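Here come two complexes built around chain A, the first alongside chain B, the second alongside chain C.
Moving on to the complex of A and B:
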């Protein structure tokens, strides 16, 4: 486990020094803070505007950061042959993948936490000093679980594919995952579309189950199922992705 | 490239986190009687697009014994790096077997006792030289003071102690190579695999690495050295394998692989002009550097006649004897023979004991020296 932690921290250290990551973080914080300015475009719905923009900024900018980090982490190690010197030490291939995954998660969640902090400040200002709605903390928890799941998919893809392929497929996963309920509702008109929709529903993750915005905006109480189910879903999906990553990476030649 | 003064730091290290393996012992001949590194019919084909294949290594048989410096030499594309990758388990053989310290290549127990210096290493750019060494030390289970002391010792050993804080992105190629060497030695390995270790180094840096390799052998380490720089290899290694297009052309002790030529070389100083002229007439070639004459005598010329000329002129006979071919000559000969359709290795294994280094036939400091 110590090898995993060592690789994880090295990955985190390398990730947070990437300039592109800082740029995205700044954009995200600008977007969150800017909601105080642009809320005037939604008269009467200022609270909704601030919450919507804030939560979506945290989610989408974090996903972008996850793609940009996750897509290069392993392919770059292979390309630059850093991997050779690491695997020449008593480090298992599974440990290497797990370390990369944890380091990437740490970097992405660290950035998401900074964005969440900016959002909390903006939210408290918007609510004129009232305490944070606990549902917002639950939403942040679910966003973290969603990000971890998404990173595990990126890491799995990067164990066998090039950076460009990982980038393209990751964006497709975001689109499919964010519209998962839509695909379930479409009636299949032919056997081909039936197979396609079945495939999408079976393989693509459902990111919509991680969304609590409706409960937050209506100040409704959050049912425990809305928390437990996505958390278990994320844990299981992530475990499967990591297991597949180990299997694929174990058989690869470098 | 400026460097720290050569360090006389011991090559041995503090305890590294190793799995207890009381049954495994390295002796002069190998691990539990087996060679330290063993390749048996090792072959590797790389698959290309459209079903094409490239045979990078073909049926390599190889044994490296404990405490020797073994070199795999050959031009680019001869299969040197492929062999190292197979030994480290980075790629899988198409046929044959490889063993490192008696274990399969991907054994973590074996890797605890192995160091690897790749050609043109690349490390995390945000880490300093010291942090890189510590990173690899942590991967090997070193912690706390042991790790700190080991990193200090190794950075001094490779001449990087004054530049330990320079981050990799600002390091020259030579500095990165030195850090790579320190990182490879951090776990005090019994076996060190080196793939072109002097790549990117200036002549002084290359000599320091060469001296370090010799010191590693003196410390009882086994070194597998892959290089195409034949002169460097010739100076340090005990046994070699010559590879060409994935095939082993020659294998054994240097003293057995390098043939003795028919030419006789005579080196003398303080010769009179008359004596020099006489010797030149007996020679195929003659050179003079700062009062020292070097003659390659004609095959039909008598060696003792030449010696008499030196003595009668009052000159100083520095050395005389047969010339042994260089490794470069042997390599070219092997390749030419292979191209001409010669089958089988040029030379086979050179007996049980590692050769005690290169021994020139030329009578230097004794023998036929005056």
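Moving on to the complex of A and C:
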């Protein structure tokens, strides 16, 4: 376990030193703070504008950071041959993958937390000093669960594919995950499309279940189950993806 | 040998684990679908994209919108569309894109009730009223507004503001008090509302419902509503005042009506109307009492008087329904060429949906004519339909849609008789003793003053003007002094019917007497 933690912190340290990550973080905070300026574009709907832009900035910039970190973490180690040095020590392949996963999660969630902090300040200003809506905190928790799930997919892909492949497929996963309910509705006209849609429905993650924006904007109460179940979903999906990552990475020859 | 033996074994185990992982993913996917189903049940799920794409106006289905749908940026795209729609609304020449943009915003983020609310408001109010920019009949914009709200309610069944606006639109634009009451009651009782809306709704909606019951001529129901309201808000001054007013003015007449003492009921209502002749609730009750008596034309007169009160769409609707009942509007349209039909439709539109003119907005007649009067020794003021005129009073007709018209003539009527004409603005006539009717002549449709403005038509084949209100009445009382003019004459009298004459119209084209502009399209009318 100590090895995993060590690799995790090393990964985190390496991640936060990347300039690209800082640039994305700045962009995200700029976008969140800018919602105060651009809210005048939606006269009468300023609250909606600030909440939409804030929550989506946190989610999408964090996903972008996750892709850029996750896609390079393992392939770069392989290309630079630094992986051999690590594996020469008493560190199992599974521990290596788990450490990379935890380190990436730590870096991404750290950035997401900074963005959330900026959003909280903007939101309180928008609400003229009123208390923070508890649903926003729940949304942040769900976004974290969503990010963890997404990182596990990227780590799985990076155990056997190149950086470019991981980048491309990650973006596809975002599209599929964001439109999960859409694929359920498409009528399959041939057996090929039937198999494809079935595969997408069965295997692609469903990012829509982590979204509470409608409840936040309409001040609807959210049942605790609907917070708990998506988190369980994320935990199940992440566990399976990590298991597959261990198996694939274990079988890979360098 | 050992490595050869273990390699296939490891591969098999790996394959098994991958298969198990796949199966696990399938199971997890099903779990995710179940969670989504629960979210839909709880009303916090996002809209289904397939439905959304189908509903987005084709011209707004741009790459940005599609990209937003595919990548989950739909709420940002909705905000963008909303912002653009506001921009288009403020810039001249871009109005045709306002509605598609607003509708795109609604569809992209259908669970945000304010989009539906404002879109409907633009349709039923702004676009319906703006003659310069609309390209459909006014009614269709109002229908669009109502449809937008009902669609919005499908997505937001707990959005109290949509119920409120729907109730208001039915009452204000359609004069349909039954539906207005239904939706306003929904707004008052819907349980899941935004806190700040609930605060208002607790008092305002029950008051609104009670007031609509009053307008619908149901004072007993209105009293019940106010009593329910005052159980929770005993200090509500509006409720107290309204209760007293209903008891004082209408309750007795309503009881008489329900006990079939219709003559007594009418006497009581008219007694009240004598003091307050513009009271639309009294006029509605009078019309309903006359309907119960079988006095169709008397009811028609009361509805017309009500329709002249500003924004009394209920009376306007009932008035048109009454006309339809006697087949008058059908007759009016017969033989009119298509172009004139359009004009006729616009006149009818305007009659049904008057705009507020001159601040007080009273006495709008037909195609934008305001009738006012100057009491002897007094100053000009709005004229009540049933205001008793005295010798020395001056009637003033103010056309609000004729910038310097040529050849326009104003014809003044009082109690069904033509009492004067004027062809030079300001159009006035002074009341003299001989213009006042005998008490026996005052009845039915002809019991108030009115003015008609028209331009003499050059087409003798067709009626010179369109008139929804002129009823030819015969066989009741003495015929009025106004002669029946030949149909070709633009000055044809008020249908040949004197005061107190009542039979269904035998010749629909016999008398003009309308408030229309004489078959001429008003200068500011919309494109034909």
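Just so we're on the same page, the second predicted complex is superposed on the first by the 254 of 254 C-alpha atoms of A that agree within 3 Å, B and C clash if a C-alpha of one lies under 4 Å from a C-alpha of the other, contacts with A are read in each partner's own complex, and residues count from 1 in each chain.
One rule holds for everything that comes next: contacts are C-beta pairs under 8 Å (C-beta built on N, C-alpha and C of every residue); 3 or more make two chains touch, one makes a residue touch a chain.
Small disclaimer: the values here were computed from a predicted structure and weren't measured.
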{"item": "Three-chain arrangement built on chain A, chain B and chain C clash or fit", "value": "fit"}
{"item": "If touched residues of chain A are counted for chain B and for chain C, the larger one", "value": "C"}
{"item": "First (chain B), second (chain C), both or neither touched by A:120", "value": "neither"}
{"item": "Contacts of A:87 with chain B and chain C, given as first, second, both or neither", "value": "first"}
{"item": "Chain B versus chain C as contact partner of A:201, first or second or both or neither", "value": "second"}
{"item": "Partner chain in contact with A:243 - chain B first, chain C second, else both or neither", "value": "second"}
{"item": "Touched partner set for A:161, first chain B, second chain C, both or neither", "value": "neither"}
{"item": "Partner chain(s) touched by A:141 [first = chain B, second = chain C, both, neither]", "value": "neither"}
{"item": "Touched partner set for A:13, first chain B, second chain C, both or neither", "value": "first"}
{"item": "Lowest inter-chain C-alpha distance for chain C and chain B in the superposed arrangement, angstrom", "value": "7"}
{"item": "Complex interface listing, chain B residues touching chain A", "value": "85, 88-92, 108-109, 111-112, 114-116, 118, 120-127, 135-136, 138-141, 180, 183-184, 187, 193"}
{"item": "Contacting residues of chain C [partner chain A, same complex]", "value": "10-11, 14, 17-18, 21-22, 24-33, 35-36, 38-39, 42-46, 48-50, 69-73, 75-76, 79-80, 82-83, 86, 111-115, 118, 156, 158-159, 192, 194-195"}
{"item": "Chain B-facing residues of chain A, complex", "value": "2-3, 6-7, 10, 13-14, 17, 80-82, 84-92, 253-254"}
{"item": "Partner chain C, residues of chain A touching it in the complex", "value": "41-45, 48-49, 52-53, 56, 60, 174-175, 178-182, 184-186, 201-209, 211-215, 217-220, 222-223, 225-226, 229-230, 232-233, 236-237, 240, 243-244, 247-248, 250-251"}
